[in-house]
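Before anything else, here is the set of structures, which you'll find just below.
Both of the next two complexes hold chain A, though its partner changes from chain B to chain C.
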Partner chain A sequence: MRKLFHNEEAQAFTLEGITAALLLLIVTYALFESSVVVSPIWSEYGNIQLKQKGYDVLRSLDVHRTSLNQSACPDLSNLSRNSLQYMLVQLNSSDPQPNSEFLNAMNAMLDPSIKKRLEVYWVNQTNNNTIQSLVLINNTPIPDAVGVGRIIVLYPCEITSQSPFNGSVNDTALAVEVRMILWYV
Partner chain B sequence: MKNINRKDEILKDERGQVLILFSLIVATLIASLSILHAQNLIAGVESSRAFLSFPKDEVRNLKYIVKLDFGHLDSDAEENLIDQIKLLYAAKGTYVDVERVSSSKYKLVYSNTEVYFSEYLSVQDEEIWLPETGGGGG
Partner chain C sequence: MVVKEEKGRLSLDMLIGLSIFLFSFIFIGQFLPSVFADTRSEISVFSEAYKVSVLLVEDPGRWINLDSPDEKGFHWENEWYKNNISYRPGLARVGRPGFICLQKLVEFKNATFTNQMTYEDDSWVRDVFGLNTPDRTYHVNITLLKPQSTAYSPYYSKDKYGNVVLAIGPPIPNKKVSRYERVINLPAASDFLNVTKTNPSNENYEVNTTFPLGGALIVIRESINPSAACWVQIKVELENTTSNNILFETIYDLNLTTCNDPSIFGIYPLTSQLNEAYEDLYEEFIDTYNEIPDTNEITLRIKNLNCSVGLSQVGEILGDFETDVEARIVAKLVVTVWEG
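For the complex of A and B:
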């Protein structure tokens, strides 16, 4: 028994074995640590499909006038009532509301589980180029919401005296940005 | 005295060093594999992110305006419209410019913190445009 406790043979093996094990452990730990990609969190990553859906809806509702009859302008009969253009032309500054045909078309394309907020932005050139905005569908978005936008061009004759855009430009075309904020409920 | 000799013997024993040598080889192998693995992960994440963040819909919208709306406008009205578009995009932190290079050629620039994109657009060149009638039904 006494001899067993004083036997120092193979101690070098043990030490070297421990060193080797430690070395492998450190490298394996480094492997797992390096596999974790630390990249800035992109808030819209998870909702990229919803964002694409929003762009597609705006694109579908942008029904361009293939022929513009300046003398018959605003040519509402030649403009699809589902379109963004019609919705913007018919806006009344006293109570700006999207027309029902436009809302129906938009709602048909978006799932009921998707909530939305609709805003329009434009530059008021007669007031020092300030950006003005109007909220057409007023819902409060959640932090995960995504925003999409599309610029629509309105011609001078389409901006009537009742229009909220009236007076923003002097007889020239107006760029109106329709911004839609979408989120799941 | 006998004890000292024994310790000397242990310290001089070189038979176990092969263990360290092999573990070093294995460790180097694992380390190089881990670098390869991490590089692949980073490349995959970054390339998909770059692909998703490219503003293809905004660029198409601008091309659409140049193609379809500029035709209804004279050069002054065109300049005026470009200024408005610039301001609307500037409010979102993006620099956008459509510069008239020649009578039927424009240079489109789209630049923000993530993307720099520029393209020459020729109004006569039909191939770069989406459906001529504007599409979208109606």
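For the complex of A and C:
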């Protein structure tokens, strides 16, 4: 009876040791062999390139004026239709949409694999300096999306009665932030 | 007696278990570095591509006279070929990152060619941008591409004479590389634009070109005679010169009996319309005639308007390229780096 009891204990200890060691080996090997190691730094890579490209594109589309003909203001004929300035000046509050020339230029600079959301933010100077915003391209970003922005200055005479910025400005220029959220699809 | 037997069995269990555990531990210890080696290498190559792109696109470069260290500055493009000058190239205009100085771009190519006698040898570029490190050597390829380019479909930016604007370094190998892309702004220089200006009469213009176009822009300034009729018609035309089969598509058609509406004046980009029309026509041509076209033409028919049409094989055109100093051509500067 006592001998049988000793044998059972010995078998139990040996099996546990061997099984645990083998399990450790198999699990570790399977973990590193079967999947790509994704570290936080690695996932940042795509974002760095995308964010940089976003800033570059906004800078290229910002064709700021070296002079303004006040008597002809808003002087749309002297604004390039694929610029941020033209896109903002032509906005109509009843259906605020970017013009097609602007969208074409922006899409040409960004790869087809990049999806975007476009928003504008500004301070309403006549309403206790509240921040107002508009969504111009309404796509829903994924969690890995990146955001870039650029400030564009509009002159008061460029803000027509149809403009969504109408009523937000007194006699000073209006700074509008164009915010672009980008992500890969 | 019982105590002795228990101790003996316990040592044997431990010995077997510990042996297997140590074997596993040593194996994992040797295996782990190789798992991360690939990622580490990728991180290193990517940062080198980023570094070169920033030095080129955002920095104007530096030079210094080694005999007289007080003589130094940003305009290396005027000094690099002189004696005792140390310099590091950058392409940006002083104080305007992202905006490329044309003279710096030209001199960067000249310096590469002078040092290596070919654009395909990147030895000098590697030295000057610190791509030769004590433990690694990287190769680099720097190109200027049209905005429509992707990683798998590169379209080189070419001037109006058909010369590639910038392509330095050996061909990109079929192995793991890191590619960093910047959207840059070039001046709307006459070499980068094929400009057609109109006169008051009814004019037909034909421009042979290749697609995709980097950029196309029409600037309609004013009518010559506001009470007379005016029109602008722009077509893409594909032809097979052997069979004389032709297909065309009109992409811009303005036709007014009087030309006194100021809303028609402005700056209209045409890049997407022209490129999309070409793509559609090309497929239709093959389907219809069962052959491929060998000539691509853009035809312009303009009357009673003072306007200019600019076509570029370098990049997208923004702004009034004839009057506004802020006009620019937007292209992609792509830096590709790989371990040598």
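The criterion applied here is as follows: the second predicted complex is superposed on the first by the 139 of 185 C-alpha atoms of A that agree within 3 Å, B and C clash if a C-alpha of one lies under 4 Å from a C-alpha of the other, contacts with A are read in each partner's own complex, and residues count from 1 in each chain.
Keep in mind that, in the parts below, a residue touches a chain if its C-beta (ideal position, glycine included) is under 8 Å from a C-beta of that chain, and two chains touch if they have at least 3 such contacts.
It should be emphasised that the depicted structure is a prediction, and the values quoted were computed from it without experimental measurement.
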item	value
Touching partner for A:Leu61 - first (chain B), second (chain C), both, neither	both
First, second, both or neither for A:Ile131, with chain B first and chain C second	first
Which superposed partner A:Lys53 touches (first chain B, second chain C, both, neither)	second
Touched partner set for A:Ser83, first chain B, second chain C, both or neither	both
Partner chain in contact with A:Pro112 - chain B first, chain C second, else both or neither	second
Partner chain(s) touched by A:Asp95 [first = chain B, second = chain C, both, neither]	neither
Doubly contacted chain A residues - partners chain C and chain B	9, 13, 16-17, 20-21, 24, 28, 37, 39, 42, 45, 48, 59-61, 63-66, 80, 82-83
Complex contacts: residues of chain A adjacent to chain B	8-9, 11-13, 15-17, 19-21, 23-24, 26-28, 30-31, 34-35, 37, 39, 42, 45, 48, 55, 59-66, 68, 80, 82-83, 121-123, 125, 129, 131, 148-151, 153, 155, 169, 172-175, 177
Parts of chain C lying in touch with chain A, wherever the complex brings them together	2, 5-6, 9-10, 12-14, 16-18, 20-21, 23-24, 27-28, 31-32, 35-36, 39, 42-43, 46, 50, 98, 147-148, 150, 180-185, 217, 262, 265-269, 271-272, 316, 318-320, 324-328, 330, 332
Touch list for chain A against partner chain C, complex	2, 6, 9-10, 13-14, 16-18, 20-22, 24-25, 28-29, 32, 37, 39, 41-42, 45, 48-49, 52-53, 56-57, 59-61, 63-66, 76-83, 101, 104-105, 107-109, 111-112
Chain B to chain A touching residues, read off their complex	6-7, 10-11, 13, 15-17, 19-20, 22-24, 26-27, 30-31, 33-35, 37-38, 41-42, 45-46, 49, 52-53, 57-58, 60-62, 64-65, 68-69, 72-73, 76-77, 80-81, 83-85, 87-88, 91-92, 133-138
